[in-house]
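Below: a set of structures, written as structure tokens.
The same subunit A turns up in both complexes below, where it pairs with subunit B and then with subunit C.
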Partner chain A sequence: MGKRITIDPVTRIEGHLKIEIEIENGKVKDAWSSGTMARGFEALLLGRDPRDASYVTSRFCGVCFSVHQMASARALDAAFGAKVPWGGTLLRNLVMGAEYIYDHMVHFYHLSALDYLDIMAIAKYTGKDPELNKVRDKIVSLIQRGDTFPLTPRYEPDEFCVKDPDVVISAVKHYLDALQMQIKAKNMGVIFGGRAPHYQSIVVGGVTMFPDINQVARFHSMLDELATFVNEVYIPDVISFGMGPLLPLARAGLGGGHQNYLCCGAFEMDEVGSKLLFQPGVIVGLNPVEIKIKPFNPQKITESVHSSWYKKESKPKHPYDGTQVFDLERKDAYTFVKAPRYNNLPMEVGPLARAFVDKDATLLGLVKDYGVKSGVVARHAARAIETKKIVDAMYYWCDELTAAMVKPGFKIHDTEHWDPPAEGEGTGFFEPPRGCLGHWIRIKDKKIANYQAIVPSTWNASPRDERGIRGQYEESLIGVPVPDPENPINVVRVIRSFDPCLACAIHLIDPKTNGVRKFLVE
Partner chain B sequence: MSEIFKGVTRRDFLKYCTAVAATLGISELFTFEKIVHALETASKKPPVIWLEGQDCAGCTISLISIADPTPASLILDKISIRYHETIMVAAGHQAEKAREETIKDGGYVLIVEGSIPAADDRYCMVAGKSFRATVKETAEKAAVIIAAGACSSFGGIPKATPSKGIPVKELLPGKTVINLSTCPVHMDHLVGTIVYFLVAKKAPPLDKLRRPLIYFSQTVHENCRRRGHFDADEYLTNWNDPAQREWCLLQKGCKGPDTYADCTIRRWNNGINSCIDCGAPCQGCAEPGFYGEMSPLYAEGPVTEKIRAKKAAGLIPRKEDA
Partner chain C sequence: MGNLLLSDEGVGVHVAQRLMEIDFPPEVEVVDGGTDGFGLINVFLRADRLILIDAIKGGEEPGSIYLFELDECRPFPDDYKTSLHQISILEVINLSGLIGPLPRITIIGVEPKSIQMGMELSPEIESKIPRVIQLVKEEVQAALSGSDRGSLHDMSQP
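Coming up: the complex of A and B.
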């Protein structure tokens, strides 16, 4: 039996996550990923007007805000028989594109980068750059005053932490610049989204925001500024770190895990939806030299509650049939996160999955030229690479929008299908920054009869299933070096590389029974 | 100038104070010089503990969406964030230790995001502790407690779920709690309230729901640009129709006449847009009934009936009479 350690809370992620690991001979031998907060959104939605769903589910998460609004609206579109006009689709795509840019930058600079930097090395900067000296003076003044929160305390920097003062100070400067750019990205999205976090404009049938040409011009101008930052700062930072000081981590494939990938496809590139920015597909057991893509079939998705605090079921169920009831007494369970499986297999979803399924030339170039393997560094690289893809697509959507707006009869909403149908069901898939997202709705008597969502972090953070197969976070930790149990910095590096979002991952409860067990508290 | 603002030019500093005054909307309450003086003479950065319970981190993201003062100046220059799960570098035991040590010293600003599950403590456990215990323990020596967002102010969305989220005030009946109740918290409301407390050393004047009057004394309707169309019974039914673009959103489920918040004058995200301005109805997110009592969100419902009855009784003044 190795040494067991617990990291709770895992910080700089969204939500409440506990990671337990067993260490033997300086390496992780086993791992348990545990989501420790639940609200229970579905009970709330049952019996409501179906149109409420897009607004309410947006509140699953305020970091990847409104991705659920989007998936939910798509499920409602399907259930209502609504056909979103091209103008509505373009506006939805543009606000979601803005969300991507903000989210990916925040993840890299503000949630992850400090795991790779010895920030105190800044004090040793002796260069002449006036901007960098301002950053140095700022950090030095914090140290002098003995108040370096929230930058400390921290895990001790290890051999993979960059200590070169010139590099560290540039990175911290970019951390501060990115803090400004993420505001810009949200402000841009708000032009058509209404406010952020939690956009207001996406509803069943399209959007509520009828744009004018000045707003498009303003959006375009802000996009220019963000594109410059993405292309000249964010991508070069990720690539120079990943292929420079972190190359040994990249080549070792730290945090690779199962190497099964799933992408459900997203972002229409034409009016009929025949072309998507992200292609759907599934990869089982990645071979980067010869990637085999299988078609994505939503019918193959099931969810297991084998290791989760819900009432036990005889077998995993398809989301339409899911009937989960909290059971906090189960001793064999350790998390509120359920275990989604595709064809009985755990999957990784997110930027790396999208890149492999797309056979992205830039990422495969890093694999070929630098020997990068699937894992932590590849995940950060895939995220940066796809940010450019999104930015380029956003220029195209802006052009398409302007062209559509000047034509007579420009539409943003399908008003014919605004009222809820008596009966119906619909599925809405989307690819938010963190990966494959599906919402399922069933309508009866014009009200919500059942509602289910399987979200990206549920895929990635899932626990063991009936067959004892670990989820992707857990599997990714196996073999990760932890030379000092007091300083498990590699563990948080692996977990943060997925960009966890636990509030999203846990939202379920069975509405029919309202079956929460009562307990005496305190 | 005190050491706190070392490296900041006088010009930068005065610019910051102007932004603070504007954010607060308190020029009549405090002279500009007084704000400058109070911030200059602060001997050390005030410690802040930010707890997340049954939340979505949306209020955190809202905080870092404010353009002036910048998030960097807030985090590095103005306040000392001792504990914040989403922001802090520390994890696990280190993080908890930082919180415990700050509690020992007392005198910190406590900000709570998210509700506390009343149905069972196990619906929200952090560091092996119930969120209920953590809030109680952390509130003990707090100088002020700010409930950021609908969930911690009134229970918000979790209130109507089986986990039964309750607000901070319900857990701490004897404590001074300031409710900033929109969903998510408005970035200006939060930053303004923090600065107000640092300057005045007390909570701003509150309404009976413990919300600062400077932000919550008028209805969304009173300052709505669509108000004239409400008076004229012109209601938007089709978002595609250019003729209806500025019409009232009541038939789309707007709760503006029954909701107290300054969204229609302040707007959101540095003044760029707002719910009403993007053609979406106000959903009453600042009110205690949110979300349960606001449903249906996009159709006429019980709230609409109440608004129509008030209108018929002449209780909602016409724009021209206001």
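Coming up: the complex of A and C.
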């Protein structure tokens, strides 16, 4: 039996994930991924008007709320028989596109980059750049005040961490710039999202925000600014880190896991939906030289509760039939996350899955030219490459919108199908930044009879199934080097590369741990 | 701030919804912050003065109301070691401070009774909302009179 250690929580900023690993001879021998917070918000939807679903589900999560609104609206579109007009689709795409830019940038700079930097090297910067000197002085003064969240705490830098003061300081400068940029991306999303946080404009049948030409112009100019940052800062940073100091990790394929990938497809590029920006497809056992894509068939999705704190079931269920009956007494369970499987296989979802299913030329170029293998570095690279793809598509959607708006009969909503059907069911798939998201709704007597969601992190963070097959996080950790059990930095790098988000956002301020003195009013 | 799906955890949002019905002067903006983390940086940086309403776990009777300044609240748990923790609203405030001057921030909190799944407030909490609104109005009044304006937490400068 090796030494067991627990990392809890793993996420730098968005939490509720616990990873337990067993180490033998300096490497991970076995791993368990555990979601430590009960979900099951679906139960709140039962008996409600189906149209409430897109508002209620947008409160599922504090980080990825709008994508639930989107998946929910798509499930309702299917159940109501609504046909979203091209204008509605374009506006949905633009709001979601803004979400992608925001999400991917924040993931790289604010949630991940500090695993690859020795932040303390910043004090040694001796260059003349006045901007960088300002950054250095600011960070050093924070360190001296002992007030360095979110730049610290951190694991001890290892041999892969960048220690060159010039590189570190420019990365930290970009960290601060990206904070400004993510504000712009959020503001851009609000233009058509209606309000923020928690956009409200995406509903069954389309959207509720009728655009005017000034809004499109404003959106366009904000997109210009973000595109410049993505192309001139974000992508070069990811490539110069990944193909520079992190190349050994990239070539070793740290954190590759099962190498099964699933993308459910997203972002219509034409009115009839015949062409998508992200093609749907499934890869079983990646061979990067000859990628074989199987068609994605939603009927092949099941969810197992074999290792989860829910009432045992005789066999895994299709999401339409899924339930959430907790059973906290089960000794063989270790997580609140269920185990989704596709054709009985665990899948990775997210940017790397989308890139491989799309046979993305840029990513496959890195595989070919640098010998990059599937894993941590490839995941960060896929995310950056995809951000550019989204930005380019957003220009196209803006142009399409401008053209559509001046045509007579321009519509953003299918008002014919606003009333719920007496009976019906519908599935809504979408590809949020973190990967495949599915919502399933069943309607009876014009009310919600059942509602289930399988979120991206459920796929990636899933536990073992009936056959004992590990989930993707767990499998990705096998063999990962942990020379020092006190400093499991590689484990954290692997998990964070997936952009885990199990946050259902309880964010109570706890005056005990936060050290609030007494301020009782009454 | 708060999660509407977790009963009393959403008290801040319930208060915000009532505040939106009040006819405040144009310089007052009511924001339903929901559970957004990073998205609120934006809100924090554009305010001259911020009153944050949230559920607070202070160990008093459910329905107890707390009022304190951000200064009086430390963002780091005492027993902090190598583990990384999830973002809390206090950390979002810190993050905002890295790129701009922060306004003076007052936190008004209500001790929850239940944070179970549900979209309604407990009666004990519901009955405290008028008092919370009154406190908010007093803070707003003081802010508008100009006596308490100014940036106290400018971490954007060395």
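We take it that the second predicted complex is superposed on the first by the 494 of 522 C-alpha atoms of A that agree within 3 Å, B and C clash if a C-alpha of one lies under 4 Å from a C-alpha of the other, contacts with A are read in each partner's own complex, and residues count from 1 in each chain.
The definition used in the following text is that a contact is a pair of C-beta atoms (placed from the backbone, for glycine too) under 8 Å apart; a residue touches a chain by one contact, two chains touch by 3 or more.
Everything quoted here is computed from the prediction, not taken from an experiment.
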item: Contacts of A:I23 with subunit B and subunit C, given as first, second, both or neither; value: neither
item: Subunit B versus subunit C as contact partner of A:T208, first or second or both or neither; value: first
item: Partner chain(s) touched by A:D49 [first = subunit B, second = subunit C, both, neither]; value: first
item: Which superposed partner A:L366 touches (first subunit B, second subunit C, both, neither); value: neither
item: In the superposition, subunit B vs subunit C on subunit A residues touched; value: B
item: A:F192 touches, of subunit B and subunit C: first, second, both or neither?; value: first
item: Partner chain in contact with A:R59 - subunit B first, subunit C second, else both or neither; value: both
item: Which of subunit B and subunit C A:A71 touches, first, second, both or neither; value: neither
item: Touching both subunit C and subunit B, counted on subunit A across the two superposed complexes; value: 7-16, 40-41, 43-44, 56, 59-63, 65, 110, 134, 137-138, 141-142, 147, 149-150, 153-155, 176, 179-180, 182-183, 186-187, 195-198, 492, 503, 509, 514-517, 519, 521-522
item: Subunit A partner contacts - residues on subunit C that touch it in the complex; value: 1-6, 9, 32-42, 45, 54-60, 64-68, 72-91, 94-95, 98-99, 107, 109, 112, 115, 117-119, 131, 135, 155-158
item: Subunit C-facing residues of subunit A, complex; value: 7-16, 40-41, 43-44, 56, 59-63, 65, 102, 106, 110, 134, 137-138, 140-142, 147, 149-150, 153-155, 176, 179-180, 182-183, 186-187, 195-198, 486-487, 492, 503-517, 519-522
item: Sites on subunit A touched by subunit B in the complex; value: 6-16, 36-41, 43-44, 48-49, 51-52, 55-56, 59-63, 65, 85, 110-111, 114, 134, 137-138, 141-142, 145, 147, 149-155, 176, 179-180, 182-183, 186-187, 190-198, 200-201, 203, 206-210, 309, 326, 328, 410-413, 415, 492, 503, 509, 514-519, 521-522
item: Subunit A-facing residues of subunit B, complex; value: 3, 6-7, 44-45, 47, 52-62, 64-67, 70-72, 75-76, 80-82, 84-92, 94-95, 97-98, 117-128, 131-132, 157-158, 160-163, 165, 183-184, 237-240, 242, 245, 252, 268-270, 272-275, 277-280, 283, 291-292, 295-299
